[in-house]
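Labels run A, B and C following the written order; every chain starts at residue 1.
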Amino acid sequence: MSINIWIVVAGDPAVGNLIDTARSLGGQVCAAVVGSRVVADTVAAGGVDKVVWFGEPGKAPVEAFATAAADVIEATPGVVLGASRASDRVLLGAVAARLQAPVLTAPSSVSAEGDTLVVTRSIFSGIAEETVTVSGPVAVVLDGGPIPVANPAGGSALMEEVSAVTLGMTVVETHSSDFEQVDLGAAPRVVGIGRGLKAPGDLAMIEALAKASRSEVACSRPLAEGLDWLHKDRYIGVSGQHIAPEVYFAIGISGQLQHMVGVRGATTIVAINSDPNALVFTEADYCLVGDLYSIVPALTDALR
Amino acid sequence: MKIVVAYKWAPNPQDASVGVDGAVDWSRAKPGISEYDPVAIELARRLAEATGGEVIALTAGPKSVDASMARKAALSRGFDRAVIVADDALEGAGTTELAAVLAAAVRHIGDVDVVITGDSSVDVGAKMVPTVLAGQLGWPAVAEVTAVSGSDPAAGLLRVERAITGGTQVLEITGPAVLAASTDAAVPRVPGMRDILAAGKKPVETLEVPALDVPASGTTVTVTATARPDLKARKGQLIDTADPAAAAAELVAALRADGAI
Amino acid sequence: MDFELSEEQLLIQEMVREFAAAEVAPIAAEIDRNHRFPEELIPKLAEVGLMGVPYPEEFGGAGADYLSFTIVVEELARVCASTSVIVAAHAGLAAWPIFEYGTPAQKEKYLRALATGEKLGAFALTEPGAGTDAASGKTTAVLDGDEYVLNGSKIFITNGGYADIYVVTAMTDPDRGTRGISAFIVEKDTPGFTVGEREHKMGIKASSTTPLYFSDCRIPKDALLGKEGRGFVIAMETFDGGRVGVGAQAVGIAQGALDASIAYAKERVQFGKPISTFEAIQWMIADMATEIDAARLLVYRAAWMKDNGLKYGQEASMAKLFAAETATRVAGKAIQIHGGYGFTESYPVERAYRDAKITEIYEGTSEVQRMTIAGNALRKHKATK
């Protein structure tokens, strides 16, 4: 591709997937990096050709650099990639607006045909897919991926520091939550629970299964947002986590689309539900129709 | 304060059906106020109650967003008035186009202090309209907002709390700004009887796209194919649960055979 | 003809469903089990305007029509019959005669407090020896200077003990039968007015049902509602509307039982198939759905006639009769579909079964409705001859 390829980085260097995707398109890859020097250096060593760094942010949140990022990219517009995290979306949104560039989300493949970008992506919460060809500046939102591994040959991209006029935003307080942090995305097995679980006290039974199967516990949206039985970090679905474990145990989960889009990447799906018509069975490898309160303890015993 | 809530009148994809060619049939999906928008409305009403001022509903879409029921459903949620950009040219509009129209409408409303949106729309779910909208306006944007108050409304200062990985952060922002509420930022209140009965009497300004100053995009996007998602083939193997212990043993054996555990 | 609800009515229906799911459903089983009057719900109901649905905004009401009120009662009953009874007795029975017959001062003082939900209302006609036969009531009101003096007792009074404002009928002229009955507004804590023990009922257990006692209870002369001797007419007109409310309750109870039955039938597996695939279950569901729809149409029509200023006593009786018997029948089938589980407190249908029965009894038993309906039908036949 002979047009410019940009990636925007919003304080988090976990952009390996963006760099890989950008590289696969061919041509020059520039990164506009907001965040500390460490973040800029990590990206610079991770396989891009050039980094534009906006300097130490101080008390300004990364979002304060949205206009500055747009200014820089506007000079050489092209394909702009950004991660789907909240702050990254703000930077990418500002760039897309400046370029009047369409935004494409949830791509399953991004490739170049000459100067045309070809994107296949999931639309409407995953009920359909479309393939589009794009000529002209465009913004693409992808999963950020891991922190890029430094180029083994050593060497680093050219780093250009630019001074930025920031928007009027200041971080005045930061609080860490006392919730146990969980990385569902990295868990090899996940036990997901839904409305079939009757009472919060029944979580102990689920935790026993999780322990026996060495799984993390996750849930559908109502359990995290309506009932507050689990922290929101553990909610899987269209606006929550998307995971691709080796095994996903869907327990008392009806299989609504909004949840299933988050687990479709699982290698194996086991569904336990008393309703034989539950949608979850249409997307499961192993279907156990029955009472989870008798099956889950039996499964826990069998795994021990 | 002048608070705008940009909401969407949209159907739930769960109720749509998809043909083998990937064509989406929305005919049986009833549109409504998009799933997370009531959370944004609740944040806006709290801000208005604390600082004084009005809450204006803003939406853009095809003519159907201006249907009488669509208007009332929105206005019954506690808005003072609505500005509706209803133009069939917006059928299937992309994120950037929709955000550009909304931005033009925000400029048209004038002197807006803050725009609050839901986390994402129920149908498209891109989570990008609020940030592109902020970009179009040149305003600060924050997503995953859990609370907002006017720390010094007279000076246009907003105090915004947002969720970050592993905690929360409080920002002070010189407005105007665009804030996207987190999905659980507030429990939306149920519309009251009077709100419902007054909904049809509240002022509504309806606009069409040509009346607004909307910049054009130089990019062409052509859909070359649509498809039903290529779901991973699943075994769909039924395990008899008449004897739970036997069922568990059978499942564990199968998972071991697959190398899954 | 138009069978569509208005946009406002549809939005009200949606709102009450949302409210009931969030605020009422979570406590419905508990308040029934513990016979607990849900005092905490009253301010929540008031907040969204559900305590004064059919009264004008100038008196603190929502300014909706009676059909909207009917929808509200139905949707509340769908998740909790007790809650619907509390609201129906308050807004349908206590507030209505004050709205219809009250002086401007009475409306300003009492209707406003009731319609905003700041105060709770009750309506007291029934006496130990006088149910439908109001003329044999023994409670008396004697004018003494600027005050009426009340003596006697009332029984089975919904919201008794929790209500602040009571509309009470009493004989001002015992020799004139029903024409000697007058209606009064009595505030709680009036000296000489006491509330007895709550009844232990088979259904609507979270609602309060008590006797009221009047012993030389002196109330100001201007507590008279309407004119002397008009009490029976006031009560009967109030009950015409009240019957629509009971019909709505019955439809709601029945719909709730059907909802639960359908969910259960799809989930419950026997012989390897969900029981919803069995014809025996399907036929029950078909009959339940059809009867509920018929009952709802009767109830909505009666409400619509009231809204349109038409005489609707006959239609209110028909709606109440049919809806009440439908509720009992449907709740019975709902238990049958649930089998042994339906007989336990683990599922909501046993509560629906117990709650349904009262709709065949209060505000005129099914037998009284039949008397009324037959009487009107026979008269009408003579008239057209």
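We adopt the following convention: a residue touches a chain if its C-beta (ideal position, glycine included) is under 8 Å from a C-beta of that chain, and two chains touch if they have at least 3 such contacts.
Keep in mind that this is a model prediction, so the values were computed, not measured.
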Message = Between B-C and A-B, which chain pair shares more contacting C-beta pairs?
response = A-B
Key: Farthest chain relative to chain C (centres taken as mean CA coordinates)   = A
Ask   = By C-alpha centroids, what is the most central chain here?
value = B
Remark   = Cα centre of chain A to Cα centre of chain C, whole Å, reads 53
Message = Quick check: how many Å separate the C-alpha centres of chain B and chain C?
response = 41
Ask   = Could you state the distance in Å from the CA-based centre of chain A to that of chain B?
value = 19
Inquiry  = Counting only residues that touch at least two other chains, what does the list for chain A look like?
reply    = 289-290
In the complex, chain A residues that touch chain B = 61, 63-64, 66-67, 70, 84, 86-87, 89-90, 92-106, 118, 120, 122-139, 141, 167-177, 181, 189, 213, 224-225, 232, 238-239, 246-247, 256-258, 264, 267-270, 281-291, 294-295, 297-299, 301-303
Task = Going by the contact rule at the top, pick out the chain C residues touching chain A in the complex.
result = 266-267, 269, 273-274
Query = Inside the complex, what are the residues of chain C that reach chain B?
reply = 7-8, 10-12, 15, 18-19, 22, 47-50, 53, 57, 62-64, 68
Task = Using the touch definition up top, name the residues of chain B that touch chain C in the complex.
result = 68-69, 72-73, 76, 189-194, 196-197, 199-200
Remark   = Residue positions on chain A within touch of chain C in the complex are 274-277, 289-290
